[in-house]
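Next, two complexes with chain A in common: one pairs it with chain B, the other with chain C.
Let's turn to the complex of A and B:
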């Protein structure tokens, strides 16, 4: 449509978005990368020190702890969430009275602010006042330190993440199940496939792409987990329960070690960019990009 | 006959399982509401009792929380950032798909440049944006938060809008141009009305994001008068310390409006939050 495409009109149309995006997204990314190569504590001039911040992280036990916690949350969440949410989608696809209502209720946690989810789960997981230990006490089991102890916190964070995401993942699977071609399903039933065989050899293989999409979305969301840790333990005791992002927040804003904070931020960005690019490639194949 | 019976049998098991799972997912929320209704003496000793439920915690919460201010701030920030974010993204998406650039490669590289933003996690932006807000002199104003919220919404908005426009034939627009419509009239009276569904999706997605956002708000707002809802929630533990009833009543007061709005716009919200994954 060449008639409406004078040069100044194009500038007016793309200008605001490009400027805002460049100033508040692109420039900050470059700035962070630059700062990750400096020593800077908030005053004076940043001193260029090359890759020393990255090398120092390699010797920082708290960094490795937070990386390990992130990986634990990632593995536990994905291994449990993908089958659970797929199973739930299969379950809710059956004709059950109140099915639509249940689908909406199960999705509910996805719209609650992560910070509020963290607060709510303090009252479930807290060793003294939490619901779980109260129930366990009722059947004579001594209290378990779900959060704030040495070991269990990342698993507890996974549980909360699973709770908040299961409806979201279920909804994507549900939508995928709805668009499976009717005739293929009918043909396999007519051929005498049992429910299990149909699931194993027809449904799951045909939904391979949906599985990949769900897994990738969940992985990128795990990398964003911050508020849960912030509310449940604040990363403590002594960083035992920090994730990469919460440790980055601590190093940057509490310790004001801006250089090494930005180095962690760059590492997180690279890790999640790898996953996001996978997602873009997949969605491009589905012609939405 | 056995066939029918086992059929209804599995159906019963499936229904029971579905109700159980739904109940388990709702359990944490029910627990919060129950605690919020307990008199303070009961919370530690006898939280499961239904004997002496009271609204006293809500009275305490309403008197000690600046609810109007929290919601006022959040709604103001959401309204401005979401509207402006959608508007600038729409203009860019229109240019990327409909306008004729002298060099086509400039057009497609601009589009990819913006879409690359999808891969940027907000955490890498926190500190630089804080410095940027200081340098631009907007720190301490609503713009400190509004500007980055607009910026981070642009890539996803552009993805959805260009996706929609590319699938949509331009014939109607060409007809409008022949009838003498200028660029402004074309966008406002022809293209935008056609795009209502995708615009609604974008608005919902971004409103939910801004309402729930915490990392930016925690760093870019230092004025107690300007706290957002998320920021206020993050301070409940310090504010109420051991007044668990008050804390839970406050949590319920934040949760309830969200759930009511969700109940009303359920279908649109679910579509809005899963659109990137299920469309295509």
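Let's turn to the complex of A and C:
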């Protein structure tokens, strides 16, 4: 028998993954942090300016607008997407005719490139040529500024994000439901638990880890939303519908202010980590309680 | 056992031999590719701000094809991405010293690249080729810092408002001359549900060309040096009047309700589909208009009774330039090829190719325009050469940094889309200037 618990063997086995992680994750993050402290336009010598980029962002209304939009999308998505996708998984777990086909159909949007999803939804949500407003006009309702206005756009982006992610989240829940131990479910039925009681006191608690995984994936995906906004509105009007990432793209590549752009990237990374870790801590506390 | 070992040793030697031979061949290939030797054509790379140069920029494509035909010993490898991606790629390339040989770039970026020593000084090249005098003096000065010329004009920037003669005539309207005329046109058309000025802000916030001309009608050229130096402000009383006029146009219903979600291309389609009276664009749209069979005219834009200075202005300037990477100067064969390309690009033959593909010449060449096939282009060129018309040296956004230019676009679209008051729009731009 060969023991692998000696220190050097652990180092050898973990080493390759650690090196890859350092090169492709840690190094870019540290590199971005470094550039966020400089005035840099992509070439030439970066000029160290300390925290001025961060201070300038604090005074940038477009940054705050993009942060607000990201939070709106995050809240709407988490509040609606998690229960909706779980409900769909419960529904599709039942043996219903065409269940497999329906699962494939619900998962469909998850395999469409986000840029195409944006393109499709432009033709649905556009205030002038969009399908929804045309249908509304048919019943005498005046056009609604679903996208391109300064109120509904983040909610419209949330709706499209939910549409595109629900199949993915549902699949994870579905897989989680499939591996629930049958004997526990059977025992609860024999004890006289109703369907709702079984769901509330058996299924959901046993799937806490799955809920955490889905939530973390959705949180990180929300912080990466770019293509949807880019296609739907281009961030407009006047950055009113930008998310943090689309605004970072604008600052970095359109304005060629790499230092400021990297400062936004660092903020996105930190926020994403805080929200994810916060969620994990909360779920762990509830589990312990 | 020994037999097997000698067999594997032989196989190893053969493998090593093959790898060595293929490496030598590959390295030899690397040595010849791109640098140009007597054994093969010299390759020069041309990087553009367009993902499909052949289709979307037929003028450049035609010139490259004609150049390669005339110079079989030189190949031009054309590549391109959308503007933001193109600039991003250039920044990375500049940092790693792998810039394309010739590339389109914003003037402000070119100035920075020149300062960083990334660009070839084209002054000696233009002198040697005898080209300096073929450009309007303003073009040369616009692409110069001190005695260094960092760029040559890519295409002409003749911008304004295309108008559909039929839409105006059908609604009993004349081509406007003054801003008050334009307001009347907007009110009349808006009442009938017709868009007056077609433009699109989605992914094309820069598509505000006619309003940039208007800035010049409120004294931009006289003020800009002071604004850059900090002795004057962008949020001044003159510009405020212009932005208030933009708000008046918006309130008169001049713009499409989906201006924030439609792209520039959709705006063009709206105009060529006969659903808008005017299109905010430039001479580059002439081919699309011509192909759509629209009977179109070209209007330089409104004259303002409360404007500043000359109102008979048409924006007919050089666009963003072509620049040449500094490393080209280190390779004699490549430098010679680039010189040949530049000489060809500004030859009368190539300038006529520009015109044949719907672009105005960028040299002093007097083009041949077929009025029957290129009516739209002729209308634009006639407007640019009308008696008493003058042109500024450059377009307002081309003499400021990209961040300030973005703020200018945002300020104009901000008012058009009722997101910013005229005063707030001016302050947005001033803030961008201050951040510089």
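Note that in this section the second predicted complex is superposed on the first by the 239 of 289 C-alpha atoms of A that agree within 3 Å, B and C clash if a C-alpha of one lies under 4 Å from a C-alpha of the other, contacts with A are read in each partner's own complex, and residues count from 1 in each chain.
Going forward, contacts are C-beta pairs under 8 Å (C-beta built on N, C-alpha and C of every residue); 3 or more make two chains touch, one makes a residue touch a chain.
Everything quoted here is computed from the prediction, not taken from an experiment.
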Partner chain in contact with A:43 - chain B first, chain C second, else both or neither: second
Touching partner for A:253 - first (chain B), second (chain C), both, neither: both
Touched partner set for A:268, first chain B, second chain C, both or neither: first
Touched partner set for A:5, first chain B, second chain C, both or neither: first
Contacts of A:230 with chain B and chain C, given as first, second, both or neither: both
Chain B versus chain C as contact partner of A:165, first or second or both or neither: neither
Partner chain in contact with A:129 - chain B first, chain C second, else both or neither: both
Chain B versus chain C as contact partner of A:221, first or second or both or neither: neither
More chain A residues in contact [chain B versus chain C]: B
Contact residues of chain A, present in both the chain B and the chain C interface: 122, 129, 230, 249, 252-253, 258
Contact footprint of chain B on chain A as seen in their complex: 1-5, 7, 9-10, 12-14, 16-18, 20-21, 23-29, 31-32, 35, 88, 91-92, 94-99, 102, 104-116, 119-124, 129, 131, 134, 163, 166-168, 171-172, 175-176, 213-214, 217, 223-224, 226-227, 230-231, 245, 248-249, 252-253, 258, 261-262, 265-266, 268-269, 272-273, 276-277, 280, 283, 286-289
Interfacial residue positions of chain B with respect to chain A in the complex: 11, 14-15, 17-19, 21-22, 25-29, 31-32, 35, 43-44, 47-48, 88-89, 91-92, 94-96, 98-102, 110, 113-115, 117-129, 131-132, 147-148, 150-152, 154-155, 158-159, 163, 170, 173-174, 177, 182-183, 186, 208, 211-212, 214-215, 219, 229-230, 233-234, 236-237, 244, 247-248, 251, 254-255, 258-259, 262-263, 266, 269-270, 273-274, 276-280
Chain A-touching residues of chain C, taken from the complex the two chains share: 84-85, 87-88, 90-92, 94-95, 109, 112-113, 115-116, 118, 201-205, 256-263, 402-403, 406, 410, 413-414, 417, 419-420, 435
Contact footprint of chain C on chain A as seen in their complex: 41-45, 56, 122, 126-129, 143, 147-150, 230, 232-234, 236-240, 249-250, 252-258
